[in-house]
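Quick one: structure below, then a few questions.
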Amino acid sequence: MKKGKIRILVDRCKGCALCIDECRYKEIKMSKKLNNHGYNVPEFLGKGQCTACKLCSIICPEAAIEIIELVEVEQC
Amino acid sequence: MVIEKIIYKKPESLTDCNFTYCSGCGHSTVHKLIAELVDELGIREKTIAVAPVGCAVFAYDFWNFDVSEAPHGRTPVVATAIKRIHPDNVVFSYQGDGDLVSIGLAEIMHTANRGENISVIFINNTNYGMTGGQMAPTTLLNQVTTTSPMGRNSKNYGYPIKMIELLVSLQGVKYLERVKITSPASILKAKKAIKKAFLNQINGTGFSMVEVLSACPESWKKTPREAIKWIDEEVSAYYPVGKIKDIE
Amino acid sequence: MLGKTIKMPQETVFIKGNHAIVEAAIDAGCRFYAGYPITPQNEIPEYMSKRMPEAGGTFIQAESELISINLVFGAGAAGARAMTTSSSPGISLMQEGISYMAGCEVPGVIVNIQRGGPGLGNIAPSQSDYYQAVKPGHGDFHSIVLAPHNIQEMYDYTVKAFDLADKYRIPVIVLSDGLLGQLMENITLKKDQETEYLDMPKDWALTGAKGRDGQRILSLLMRPGALEKHNEHLREKHRTICDNEIQYECFSIDDDIDCLIVAFGTVARISKGVINIAKDMRIGLFRPITLWPFPYMKINELSKRVKKVFVFEMNYGQMLDDVKIAVENSDKIEFYGRTGGGIPTQEELYQFIKARTKGRGY
Amino acid sequence: MEERIIIAGSGGQGVQTLGFLLAEVGMSDKKRVTWLPSYGAEKRGGFSFCHVVISDQEIYSPYIESPDTLLLFDQRALNTYKDYVLNHTLVIENSSLIKEDTVVNGKKVSIPATDIANSILFTQAANTVMAGAYFALKTIFHVENALKVMRAVLVKKSKQIFEKNEKALYQGFNFIKENYQYV
Amino acid sequence: MLGKTIKMPQETVFIKGNHAIVEAAIDAGCRFYAGYPITPQNEIPEYMSKRMPEAGGTFIQAESELISINLVFGAGAAGARAMTTSSSPGISLMQEGISYMAGCEVPGVIVNIQRGGPGLGNIAPSQSDYYQAVKPGHGDFHSIVLAPHNIQEMYDYTVKAFDLADKYRIPVIVLSDGLLGQLMENITLKKDQETEYLDMPKDWALTGAKGRDGQRILSLLMRPGALEKHNEHLREKHRTICDNEIQYECFSIDDDIDCLIVAFGTVARISKGVINIAKDMRIGLFRPITLWPFPYMKINELSKRVKKVFVFEMNYGQMLDDVKIAVENSDKIEFYGRTGGGIPTQEELYQFIKARTKGRGY
Amino acid sequence: MVIEKIIYKKPESLTDCNFTYCSGCGHSTVHKLIAELVDELGIREKTIAVAPVGCAVFAYDFWNFDVSEAPHGRTPVVATAIKRIHPDNVVFSYQGDGDLVSIGLAEIMHTANRGENISVIFINNTNYGMTGGQMAPTTLLNQVTTTSPMGRNSKNYGYPIKMIELLVSLQGVKYLERVKITSPASILKAKKAIKKAFLNQINGTGFSMVEVLSACPESWKKTPREAIKWIDEEVSAYYPVGKIKDIE
Amino acid sequence: MKKGKIRILVDRCKGCALCIDECRYKEIKMSKKLNNHGYNVPEFLGKGQCTACKLCSIICPEAAIEIIELVEVEQC
Amino acid sequence: MEERIIIAGSGGQGVQTLGFLLAEVGMSDKKRVTWLPSYGAEKRGGFSFCHVVISDQEIYSPYIESPDTLLLFDQRALNTYKDYVLNHTLVIENSSLIKEDTVVNGKKVSIPATDIANSILFTQAANTVMAGAYFALKTIFHVENALKVMRAVLVKKSKQIFEKNEKALYQGFNFIKENYQYV
């Protein structure tokens, strides 16, 4: 299983909450924060369960979610 | 050591301007898909879009490639002329259901019949979003809108027009597919369909159109989630998704 | 085929007005034409369907005038020299599109071979689209309007129309009529001429965002003040055009004329004939060639030197409005118009002048 | 010199072709010429006319109100244009199809053009017969000039058609020469 | 729902301009409406979709403005009182249809809630369709043009529009704008009023040839002279209208005014405010209510009594043309216009007057 | 004794004005059929026709019942409004292929989709007759016209539009038949079809359209006989005659 | 077999000749006459073979042919 | 008496509703009233404003350039309208959403309307809080009058919603009474 995390571009987000439904690991949750446009935005929990599966970014209408894969590399 | 590899970010073909559509609006999703495809196909420098009159008239704020306006409904006509002048560019019209099925019905049919080698992205949200949610020829039976306060009835307004089914008999038309964007899986399918429409054009195959069943939470008076559900349950029941025509 | 152009020695041809429009467009570098049939301009799309492919350009028989004008809009937005043609009812259907071209600053040429109206009217010549050419559709805008009065000018001013369109990024209307469209006359063609602005770079045109950001052709300006600013820019452009592009002809205007005729197009031609037969009167003709920009100042100046200003039109007095604006003293103005396809004759105009000047020519 | 000609008849009688021929003859003589057809309805057997002006100078109005010459092919044409006839107007009328002649002014010449054309088994050539008559009456052009122009146009199509027209032209020409002294 | 009409005591209501149009139409006996959405007139089709069925009439949401106007043409030809509404770009698309109505003498009412142009422009209020209303599309014709300046008049003149349309068998345009369409104000409705010409017999209408020969609604007149004769008939009608139907308001015009403002609609309203604050100057307002027929004579007369004539519009000077025609001395005229949706404020108009009169009000 | 019984004469619903169409023109035949039917159904006093812009604009000279003009292509729209105002009258639009398929495509489709209870008589002569025989969307492939001097090619102009086949999928449409008028037998069939379209309206069934393959000898540059033969051999090969839809 | 005859309304006729082809008894033939509009019109031969079958009138675009049935009646 | 009010904020904050309420209160007091909304874009979270004029006499311009009162809901509203403030203008600003206050002229009053609304668990009622502040400051209307109008409209919908709004109204009213002496 890949490991990953996401970055929400808070000011692009419109708080539609569709990403939350999509994450089967419940790594995303609605927060109490309002962004600059007054939308209530979700936050990434970072429980370490994110697999960088991209589903949240695919459903996100706003292209507001960046997906980051965490790749283990040998130190050299 | 763990290094961070960004495997998805906002496509290059989008400007830094945020979409100004309502929360959960299908236009945003499709704009994003198109920008991703333009990046992936490496055609940003030769893509020319024609934006409709409708909520998506603002598309030119969001795509970082050439975009023209067109008078309401005449979108595919403007695209036709641009394509005829620049046959090596990738030209697509992007149209709402008011634009394409209502005021622009003759334009889309004649463009299709002439077999113009353009791609048409047709956003069906069963109403006129921009002007405040009035009934469109695509509005479902019994759907309440601001001009069908008792719900659309077939006696006075006929039946919702299935555009794809209407175009299918025209010989000039090479590719027709109806998609929805209600889940990651259906979104990926939609993306594949739009890609096919672009590739058809690049390969000179001819007129291609993809109809996207698209959420308009604002006019439907639904949350984004409810809107998506309504598409899955009601809209796509009347407008079946799938590939309807594909001639190479 | 009747009405076929006949080549003459010394680059002159005997040619029909409608065909001259076609040759002019091609000579001016127009390589995109779209049109829909309507009498009395059918020879234009018909001849184009042959000539444009020969010239390596695009001919599209549009399925309506809405499609015609929007094809021209698209081709213009893509940087091409493009033209459509029609006659009065068809031009009415183009009003929205022309307003968009003006708003988006897309150049293009629209030829109107006017016929009788209102409604379906008839197919006889008329000048009753002056209003919709010169005082156009929605929004604060103008098209440049050129009014030829013979077949040589049908050719010359169509060529010029393309130059003006590109120079100012503006729609240009060639306002002609059924008589000039159908008439054959000897003219000189200037084959493959270099027009002044043919090679003008069009960085604003949509060609694909090669090595640059995407650019837009648009007229929607929703941010507060943005549209007004854009309209001020358009107004500046209008002013420049008014300062530089007014064209007219003074015919038989010398220091001691008593009467001035103001007429354009076909009626101006007939008015020349009137002057030719009215040896007993001292009459001059002022012929506006650009109907917009309109030569107010020149008419104002001339009107002060005469006792009467006659306005002759094939309508009920549309250019008359502008002459009234130009002429300080409205008592001087006398109007005679024929309508619904009626063509005024030399004789009736002559008699009219006589009657209004007690036979003295003023 | 300015010669202003109206030709009138019905669609199919060759009215426009005749006008065009006269225009070409004028041009071959290095004159200025205008040719103004009626348009739109003639194909339905409707009224058909054209205005031809041939001149040494700039032609102002190509639209004719006081014709120098009127070539009338049938009764309707005569009825329509009879009031246009001025004292100086030459009227050439096709007497095969004009029965009630109410023209009072002008100089009038009648020629049974349709009958003459029929007699050479080529009804369509009534207009060429009329042309022959015209050239016999108006000496500003030579009939040979006309023949040259006709040859240039018609021979391309068919030698036979040219020859029939040539015949028609001369029959019209000679009919006048034989029947009208005062020319 | 916001903007919903509020019923008040004594038959008065607090109502939105767009809704007042609807109530007026229904009160005037209009039982056929067709319209297509466009901001800022959407409340009209929306409210109609509810009100018209209640009134037992036909509401059709047309699929385009071409369909709207031609539905109105058909309903009018059938003898019904019919209306459509739109805003500027949509009205441009109706130009052919309006010309047909005029040519065929089919009555009908067209409401234009103007917005900024050219092209798509924006949705803010504007008066830049003066030209296409008053100097219309192809052919020699006129529509009657009424310009309300408050919500009471939106109602009253819409009612009147139906009467005028039937009385003269002519298209009537109510030329309003986005501000008046959206504005709410208290007005008095005259429920179920008898309009003067509601029961006027329409023997010309198509109802089936019961006991008579078939009759026609047409504008094609091909026989020589026929169209000209028809146009002369239309011109006679136009003259009658000019003689009888000119309407205007004189506000604060007394014997010793120095300046005259000429303005219509929204700008006239704002101009009243200017006069109200300009206590230091003697200014009157002349407000044309009929833009066609235009009150040339009255303006001419008034202009002679003042030192300055100010023309204020929400465009770049379209009515200005007609004021110039009316006013003999063009040096007296001063124009100030806002465009692209800009609304002139009392203050800026006041300052403009001051500047042009060296502070003296003239 | 032998008495003379007139068993056919010019129908009452025709005026005394001769048709001004060209010799052998299909408009004449269809005008005659309609007049016969109006007589037979006894509906002269309640029939209202809408004439198109096209050669048949002159229809109002020939029919002795009420007739309205309509702007080019808007014919069914005008008919719709008249029918809505006078639901008890019999209202039909009469349209050429330029009027119906080209400039008026949106109008006919929306009218059909609304299921308006009118009858449409559609005269397909594969060109614009009135304006001098230009190419129409219905022009056959390779057909030479004044604007397709080398014959219509599908590359630039697409394929001839089959209007009936295009309308068939609209639910509002109740009856569609294509007929020809090349022989007494086919003429009688055509008459039956038009009768059915009228009866459908009278019975409130809804939108009906009959397409008539019609001769235009003038533009086709053929004699009336040749024109009829061309319809039998070429035109009806592409546009098959027959009843395509019939819902009671 | 019925007996009949036809009457051609000469001034409605446009000489299209379609009626001639239709008559299986060859009762109609093109004549040399021109009508008032200049059309060459056909004539009814009246050979007595006409059966009042109406085919000629059905094909006639101009409604220019009247059909008359000749009915034998008992004299009384 | 003429009171010219501009209200501005973002779509969804209840700007139009507040304007409409003030208009109704004016009417209930037998005044002439105009209400001019912004239209078209606000549903997309865009800028939203309205102009309300309440007067004893005929109202000329319903479009306001020199407001007597400015009710500003957020930073963008303030930025847009700060230059409209004249010496006599009363500015009521929602300090919950306005952080940089650059207004210099006029009489200024700050009230944390959104926070107050949140505190009664009804964020949507920020506009009613603003209304309460307005009635506390401008004595041309009685707050009871406003309550009556609100009751007429809201009770139809839900008693609970009315009660929350009533509470919001009074909290806004009282906040002013408690914090601003000069009123």
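Going in written order, the chains are labelled A, B, C, D, E, F, G and H, and every chain counts its residues from 1.
In the analysis below, contacts are C-beta pairs under 8 Å (C-beta built on N, C-alpha and C of every residue); 3 or more make two chains touch, one makes a residue touch a chain.
For clarity, every value in this text was computed on a predicted model and none was experimentally measured.
Participant: Centre to centre, using CA atoms, which chain is the farthest one from chain E?
Facilitator: G
Participant: Look at the interfaces B-C and C-F and say which one is made up of more C-beta pairs in contact.
Facilitator: The greater number of contacts lies at B-C.
Participant: With chain centres taken as the means of their Cα atoms, state the distance from chain A to chain F in Å.
Facilitator: For chain A versus chain F, the centre distance works out to 62 Å.
Participant: What is the distance in Å between the mean C-alpha positions of chain B and chain F?
Facilitator: Here the centre of chain F sits 36 Å away from the centre of chain B.
Participant: Just curious, how far off is chain B from chain A if you go by their C-alpha centres, in Å?
Facilitator: 27
Participant: Give me the residues of chain A that touch two or more other chains.
Facilitator: Those would be 37, 39.
Participant: Tell me, which residues of chain H touch at least two other chains?
Facilitator: Chain H, residues with two or more chain partners: 41, 45.
Participant: Could you list the positions in chain F whose residues touch two or more of the other chains?
Facilitator: Answer for chain F, listing residues that touch two or more other chains: 21-22, 57, 69, 71, 102-103, 105-106, 110, 114, 132, 137, 156-157.
Participant: How about chain H: which of its residues touch chain E in the complex?
Facilitator: Interface residues on chain H, with respect to chain E: 16-17, 20, 23-24, 27, 32-37, 39-41, 58-63, 65-66.
Participant: Help me check something: in the complex, which residues belonging to chain B touch chain A?
Facilitator: 1-11, 14, 18-19, 21-26, 28-29, 32, 35, 183-184, 187-188, 223-225, 228
Participant: Under the definition above, what is the set of chain E residues touching chain H in their complex?
Facilitator: For this pair, the touching residues of chain E are 2-3, 6, 8, 14, 39-40, 123, 178-179, 182-186, 266, 269-270, 272-273, 276, 343, 345-348.
Participant: Which residues of chain G touch chain F in their complex?
Facilitator: 3-5, 9, 11-12, 14-18, 21-22, 37, 39, 52, 54-55, 57-75
Participant: Give every residue of chain B touching chain C within the complex, in rising order.
Facilitator: Touch list, chain B to chain C: 15, 44-48, 50, 57, 60, 63-71, 74, 77-82, 84-86, 89, 106-107, 110, 114.
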